[in-house]
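Lettered A, B, C and D in written order, each chain numbered from 1.
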């Protein structure tokens, strides 16, 4: 089974290369890059020297070998939508890692991303690729919208409660802390080492573009209208997202109820780990792996439930989830190529 | 004017040494340490080599020179209370940097710290040393309870609104991110470099001992009963606390109202900086200084106000605030010895 | 094939668990710990939750299942020597990750480690487990002395030139930079996050215990007496060793000669990567992998050759090399279980 | 006394602003920037909010107020040389922080910087501003060439031995480790946080442009021709340079001789700290200060002396040294404005 990556030089792309390289069932047959076409891949990502022999191709669809059946689009937001329709017309399956097919309502692209969606008819066909809530819809799907990194962490923390309809949505606050690789591979002043080491900041309070994605899925799960505050923070580490979710349960709730809902919802899920009661998630314990660790505490004094989730933003938050989706799409074991223990 | 430090080898103690060393009005005449008595100070803190010539003394009160009029207690929680009564009896002024005199209700020590307070009569006499809310009470005070690092960041973010009585307390969530020096100077597994670099975690959710301190002061300011959720997080940096405070205002509130309340409350305060609208606080911009930077955003969609404060936990969160209190106690200019620009 | 680890809770031990867990040919059947016996392994190393179900056993040899044929000793220096003789007597193969069997001359233990070797007769039987110079001696060996982390980086930089007899030994300087995990998992003041983040230092100049190990092997390779200066530095990162080796070649040497010697010496070695001329090693490019990256520059002005090597100190510098040795010992493919691409 | 800074927005420029702001004898009257002219300074460097009220001016010399007598040029290499002649003609004193006037031989600019020097006649007039070796030449100088960051650390480690003529120059190796701020404030891929955190690398081996500067000054001090190897390394920290210098003394040398030469050479120097025998320099102990810490070890086995120096690259390696030079130029106390204790 041959696959391709469009946009293979960003962090998401290189993480896909890492994971697909060690996947037993697929062969990476084509990788492209606008800026580095013609270069051996290891020139751009020296960690792959002598492991990955491919050279980067220009992003011209006609260069993709016919034998390629599935394509990962790891292009910037707004560029996937220009390419995906043609890929689908050519009969390829597509897993898109951008935001371009995640939202159902085309109007939200105008509001949150600032551009008009040019292929709104695809928004309904796209399957939102969070296997833990959408596993049945994935086998054979033509187009998978791979979730954003922040939505993955936030949704896995909230999905069981949303699905059970027990959340007091007006009470929900999501405070997320991300490593710097989440900002992508392009050097910019805010991510220059001396500007972000030894510091923490909040950014895009109340207007981060992952907000409607989170609200949409929680709305679908709960059948309610969900409007919430999501606030991201930048933390001086390379990888990882820790999401701290504050909420009140309808009727107050009990620890037993919460444990029961989480246990049931994630039963059999290979990558969601409900931590033992005495532990809380830390991003280091999921580094390099496709795991999402979950823990929570009832704060009886304030009547709040505090849920914490930890993911590696480049794996479960991007490339690992894409491979998990591919496995489900193609009928491989869900864990295929993703069994690595986290790297301390 | 001669001053002394009991417990001079911890991070708070060494930061006091740094600031007092460059204070034009006082002379540091005595420093003590239980574990390092007899050693020149620079052996323990080599940054002071050739700058601070003092040697560490045993923590025996009779060794403190008579000429010392003011004493900083930078002892661990629970040890100050054993020492302070005798210092006051000897006629010394005391600025205590532990939690031992911050809470008014002696019962809270049992609940949150696990020990019974042995000098409850002093709790009423102690002045809570957050100058921005308590400046008038400081001149001539005998005993100052220097605020905790987390309470300083949280209270400065909330005080103007609490004092105006406009906070919907049930809505308040405080999510704080601290550097590792907040955990003190004792090596412990959780703060071993390989265990906390490249990672973030939440800890002590719902039961951190700074919670009642925050609630007490906000209760006093607002005249209301305040119960809230405070959740600290550990971030891989040495210094700094960023506090993100989520709340709803009674009646909804407006940006103008908030700006007005903050501007009025902090008018003339030399260390609180209300950032221009286009900026948000980052801990790097206060590093090494006594500043508290404040910024906020109205999230109209969720009806929330999100306030962010940044302090250096060792300066405004501990030693700098203690020097600020000393200045007010002794009649120096409030900024004396504290005028350094933050060190990028 | 069943294997065991004695001392499984340190960083070397946990890295062995990670690598053996994903090794297709062996089963990890026993893990021990003095301090944490009785605890499930994931309690000590939460990254293994739901992946490794083993519990830690007391370090009593009689508890090791009979079916275990090969044992990794990841005990502290000086403790392996107390255990290994009995293991060998019981017919087990042993890969020892301590320094206890690396030096041929028992007297060096007294000089550099401060204790008298209690099993000097084993020093001659032990095979020094650096496969790139000792591959032939490994199959079937009873006792492998796994090299130190610093020696691995330094020796791989120098071995081809030593073996060719072209080094002017009086000119050799080895300046190594290590991440903090090299200091082990025990919390100590020097490795407390606030004490080693944002700083660099040299330590143990001229008396680091890895010096005689480096000299011994270079002496064996070259047939000359080798005395050199090795200076380690501590760098604020978790993993990685970069070794910068300065030397003069006898007769001056040429770039072509050096390239030729390196190419020949490492031909077919799966883990040594001779970088293309335009690149130099960086520790991030080998993180999590068993690779050793090598690069060099001729400094014509000073007549020096400068060689740089990069390894992950916990993998090629410890656990990965031990698994590589196991593969050779047992007849598996040398790369078995070690094929992961470095984790950016 | 009014002073100005040309190029005030880089790291060197902002550190000058920090130090001059707290200098008791001078007033910062003019700051310029090519890219940010018109902006209040705090917009570019928010740490100065409410402390520094100046706005950035275009870099037009006619805008500099007449009352300004001394000008700091913190422009990029190659741009100072275009500006300094006119400043001198206008009767200003200039402290230039670029490399443009550090080398005596104009030909070296072609060789190492790649451009032809347009004002070679000024190279003889410029005083090399390393006060510890050139203090007498500074008072009243018209043009000071402020040393490079690496040369400062390397020269202070070697100057006493060079001046005594006891160095075997063929043996000298300088291995330097720098924080990332040394690369300047411009965001570039190599200094993007995820690309340089958790990693170490060597760069520009044998061809770094600070090499001839080091060689020139050591040659002047010793009266010998000096050709040596200087190799810089990038370390994941913001500030600091640790230089490890390896050498042999002529005739072997003794510890007493070395201690004597260092003690004599630096007697009375306020910023050079010869550490007690049991300590070695660490960059954290000089952070934010103008100190250079020095320590050394005799490695008897290899016959080498290993000297270690630590500086803050932005202070003693740039802006602090410039202020120290200004103090000497203008007759202030050498420590004026520079007395801060290092910030742990």
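In this text, contacts are C-beta pairs under 8 Å (C-beta built on N, C-alpha and C of every residue); 3 or more make two chains touch, one makes a residue touch a chain.
Fair warning: this is a prediction, and the values are worked out from it, not measured in the lab.
Farthest from chain C, judged by the mean position of CA atoms in each chain, is B. Contact count check for B-D and A-B (C-beta pairs in contact): higher for A-B. Remark: chain A and chain D have CA centroids separated by 46 Å (rounded to whole angstrom).
Per-chain Cα centroids separate chain B from chain D by 37 Å. Spacing of chain A relative to chain B, judged by their CA centroids, is 39 angstrom. Within chain B, the positions touching two or more other chains are listed as 11, 179, 194, 197-198, 236-238, 282, 284, 287, 344. Residue ranges of chain B in contact with chain D, taken from their complex: 11, 14-15, 17-18, 21-22, 45-52, 197-198, 273, 275-276, 279, 282, 284-289, 293, 339-344. Residues of chain B touching chain A in their complex: 171, 173, 175, 177, 179, 194-195, 197-203, 205-206, 211, 227-229, 231, 233, 235-240, 242, 244, 246, 280-284, 287, 297-302, 304, 306, 308, 310, 344. Residue ranges of chain A in contact with chain D, taken from their complex: 11, 179-181, 185-189, 191-194, 196-198, 236-238.
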